[in-house]
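Pasting the structures here.
Okay, so chain A shows up in both of these, paired with chain B first and chain C after.
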Partner chain A sequence: MKSIFYKEWIKIKWTFLAFLVLGIVGHTIMFLKVRHDILFVDAVNYWYSFLFRGYPYFSILKFLPLVAGLGIAIAQYFPETLNKRIKLTFHLPVGENEILLKMHAFGASSLTAMFVFFFVIFVSGSYIYFPAEIIKPSLLTITPWFLGGLATYFITALILLEPIWLYRGLYTITGAGFISFFYMYGTIGAYKPVIISLAVLTLLISTGVLFSGYRFRKGEM
Partner chain B sequence: MIKLSRYILVLVGIIVAAFAIPKLYWTIFEKVPVNPTVFYSCMIDDFIILGSEKTGPGERMDGQGNRMTLAEYEKAMPLMFFRQLMTDGNMPDSINGVPMEPMVINRANSFYRYTPRKINTPVPSLYPMLESQSGKVNLAMPDDYFRIGKRMEFIVAKTNKVDEAKSLKFTEALENKGFAFPARLIAGIPTTRKSKDEGYFVTDSNEQLYHIKMIKGEPYVAHIETPEDLGIVFIECVDLRNSEYYCYLFTRNKGIYVVMDEVYDLQRLPVEGIDPFSQEIRINGDLFNKCITVEGSNWLKATAIDDMYEIVDTHEETWKGRYERSDGKILSALVPFEVSLVSPESVFIRFYFQKSPGYLWIFSSVAALLISLFIMMRRKMELKSNLIDLAIVAITGLYGLIIIFIFPNKFR
Partner chain C sequence: MNAIECKNLTHYYGRKLVYENLSFNVEEGKILGLLGKNGTGKSTTINILNGFLQPKSGECLIYGENTQRLSPSTKERIGFLIEGHVQYTFMNINQIEKFYSGFYPRWNSAPYWDLMSKLKVTPGQKISTMSCGQRSQVALGLILAQDPDLLILDDFSMGLDPGYRRLFIDYLREYAKAENKTIFVTSHIIQDMERLIDDVLIMDYNRILAQQPIESFMKNFRQYNIRLAQHDTGFPQTKLAMNIERIKDTVEFYTYSDENEIKAFLNNSGISYTSFEEKKMTLEDAFIGLTSKY
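Moving on to the complex of A and B:
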């Protein structure tokens, strides 16, 4: 168990740290800009543009989770597909599904941990400048972006482990359609009624990797 | 477990297909929908309909179906086109004995449009309380925003802290008038770009209506008597030039009321069967009449009323709805349902499920089922282990047919 986690950590270590730094830099830039704009236009007007003009101060974060999910999935699963290395793992005296699920769980939890960390920075930074009435709708707006990051991770893993190129293409088209659900254009807080359904779908899609993992280890079908 | 993971992928794939295929179809084949506009003319005492299904877009006709030229239309609507008619020298000196003064005409003209997107939308919970009698010509934004939760609180934007003294003053003023915290609806015109400030119209947790504003730094609160169980679901304040009324009150199923300026009398607009969650409402007013148009997806009903709010005339229009036109009919025959994340009636993003009207889709679902059977037999797949897949195709038609082969059912 420990050894699997260690092996996975070695693979994603640098990518993980790179996105962590990128996220911290992103949040820093965002809050520096908020500070700058509030200084220039006054907090009253800055709040006004959020409340009545729908100007989100956090749009810089929109695709950060998506890229992070994509990056971590590639770092973790791409090396396994080179020379079909993952087959070695499948020869270990442990259930094949079990080992794949553990790898997957490790990747997903690292990503979740990173996202939770970003959430904490986001909320604590926002509390300096804004009241709860602004922070709450902001969180409702960024939550689907972060869920989309996790969904991107699960779907990229599914695509990478698929052995046949044609199906990789088909999964990419379907997957891209699914990911687009998380990044629709909408006003602040518009995602509120759908967040739970999207979270359930994301959780369900996490098992998808078992399917392409199975096809991978059975080789060409 | 692996089979289950495949069914999950198939389920998600079908949702994606049911979202993407109709979206692509509509983008390519959708026809410009009929969208008539109705006005009431004080000259011909009849309705004028623009762009009805009978005349086509850009054309005009009167309530009897007679086509009108642009010149006739302008003459019939002198209160709307008075500047054009005055330039041409065709403006009558008086209508119905009322002399025509541009200032007077202008003050009486009003256009209001309500769409269900105004109610199905996230609403802010902070509002600015402007000073309504500052003695200055221009209105000014305050330094704080208020919220009405367990009490009424003002938050100073610069410090992001509550102004205790002001909050206490307003909370007490509200309590003295019997306000039950928290507020349900808060409606005002939160901008300085209006002729005057009238503060906010607020319903409390007992659905009682209040008018709250700030006069020389002091709270002004008035409780407005309403008929019992009015069920107000939306309030829209308006800034009418003739200050006839403060706002519209939309109720769940008792129609629309206006709150008259100064006296707070409620006047019901004489239009029945309004559903603010799905219908669009337009109110065009002029010196003599108001024309209230209620519009559903493929019909509208216009009611003209006089300045005493009595019905003068009514008119109904219908046109082919989305699924009665050829583009919609073809799609509803091809697929059993559509999934969308956006809706013309709501700002919220959610899964909007739309079953195809009619039963033609049954044929395409049967065809999809036969095609998948044919493919399975050609590939010598065992039918017994594909029964669930066939059931999926039977229910989801074209979508299922595509998706079950994208995630092939091959296990050994």
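Moving on to the complex of A and C:
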């Protein structure tokens, strides 16, 4: 387990750190803008525009989890597909499914840790400028975006490990359709009734990589 | 006791038959070289052996386990060199040694560092920035450190200059013989095989042409050069010949038969010739003689 995580960390560390920095910069810009707007517009009017006009002060963050999920998946799985290096991984004295799941667990955990960190920054920063009545629906609004980031990670891994280009194309089209559910236009907190369902679907899709791994091992080409 | 047993392998890519009912064994402690022209199924066989391809029928066993379902404990006993010395090139030589050592209980880093000391690389240098020859030594060093009982080496000589090829072969042969290891190896450069292997398995399209100890193959498989008296003389087919190549009035006759049998065949067929000589062959000559030039 330690060796697997060691290799996976070597692959993703720069991408991980890059997105971490990007997230910090994104949050900083967002809160600077909030501070600027509150100073110039007045806090009550600014809160009003959020509560009754649905103006989301955090829209700058919308696609950050998606891009991070895509980036981490590419950093982790693309090197495995070069020269079919995944053969080396499957040849290690560990069950093939077990090793794929451990690699997946590492990538998903790293991404989750990054998202939790962003959540903490988001909540801490928001408490400076907003009351709990605004922060709570804000969190409900950004949660699907982060789930979408995880789903993007799982689907990208599935696509990258798939040995046949035609199937890759089909997975890309289907995956893009599925991921768009997480980012559809909606009012603040609109996703509240479906967050659990989206989380369950994301969890289910996480096992899809096993199918690509199985097809590779059976020599599909 | 056999390290590898392949029984009645049949495989197709789409409708194209690769081979049918192919069977062979590799005895423990032996070095077997699989030779064949492009497209005869060498890579297919390697992929089946490593569990990356399911044959249409038949099976391969490694230490008694079906290669489609190798247990981690059996995989521990197999060292695998992928064609082109593929490795995790995003690591450096320290990182990759640290990574693999966590998987193999018998890990012995001494041969790895011994080989690395021969390379002019810095410890922090990524494998991706190394030359093909240097990468081959990294891949070989890792396999030796794993201390496997069976080594499967797919086209190990690919991209290597003569010096690295010689280093690879000499190191490998010495190691295999000293430690009683079994090796299954393919290579496009057949002259390398002569220095390395104990047994040879030569494949042609859909069939095995030869499977025997290299010593007996080189002793029994012969080339006779026959200069015909008249260049327009026809040359009949015969079961004595494994292959016949003809350039104008010279016939290259490849056979397992001895000189007397061939001369008797020529006399019985009414073929007159001006010279008849046995030509000493290298393994490469014998391979081309057996499989034909085209």
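Going forward, the second predicted complex is superposed on the first by the 220 of 221 C-alpha atoms of A that agree within 3 Å, B and C clash if a C-alpha of one lies under 4 Å from a C-alpha of the other, contacts with A are read in each partner's own complex, and residues count from 1 in each chain.
Rule of thumb we're sticking to: contacts are C-beta pairs under 8 Å (C-beta built on N, C-alpha and C of every residue); 3 or more make two chains touch, one makes a residue touch a chain.
Remember, it's a predicted structure, so these values are computed and weren't measured experimentally.
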Problem - chain A as common anchor, with chain B and chain C clashing or fitting - result: fit
Practice task
Based on the superposed arrangement, let me know which partner A:F154 touches: chain B (first), chain C (second), both, or neither?
Solution key: neither
Handout entry: Partner chain in contact with A:A190 - chain B first, chain C second, else both or neither
Key = first
Exercise for the section: Give one of first, second, both or neither to describe whether A:W47 is in contact with chain B, with chain C, with both, or with none. Expected result: first
Exercise for the section: Applying the touch criterion given at the start, work out whether A:F216 contacts chain B, chain C, both or neither, answering first, second, both or neither. Expected result: second
Exercise for the section: Could you tell me if A:V94 is touching chain B, chain C, both of them or neither one (first, second, both, neither)? Expected result: second
Practice task
Tell me which partner A:R85 touches in the superposition: chain B (first), chain C (second), both or neither.
Solution key: second
Practice task
Report for A:I10: first if it touches chain B alone, second if chain C alone, otherwise both or neither.
Solution key: second
Exercise for the section: Return first, second, both or neither, reflecting whether A:F130 touches chain B, chain C, both chains, or no partner chain. Expected result: first
Fill in the blank from the handout: To the nearest 10 degrees, chain B and chain C lie apart, as seen from the C-alpha centre of chain A, by 140
Problem - Least Cα gap, in Å, left between chain B and chain C after the two complexes are fitted on chain A - result: 7
Fill in the blank from the handout: Shared chain A footprint, chain B vs chain C, residue numbers 218, 221
Practice task
Provide the residue numbers of chain B that touch chain A in the complex, in ascending order.
Solution key: 1-2, 4-6, 8-9, 11-13, 15-17, 19-20, 121-122, 124-128, 141-145, 147, 155, 157-158, 160, 190-191, 341-342, 347-351, 403, 406-408, 410-412
Practice task
Enumerate the contact residues on chain C facing chain A in the complex.
Solution key: 13, 47, 50-54, 72-73, 75-76, 78, 80, 82, 84, 86-88, 90-91, 95, 98-104
Fill in the blank from the handout: chain A residues touching chain B in their complex are 42-48, 51-52, 97, 128-131, 133-134, 137, 140, 158, 167, 170-171, 174, 177-178, 181, 184, 186-194, 197, 201, 204-205, 207-211, 214-215, 218, 221
Exercise for the section: Report the residues of chain A in contact with chain C in the complex, numbered from low to high. Expected result: 2-3, 6-7, 10-11, 79, 83-85, 87-88, 90-95, 216-219, 221
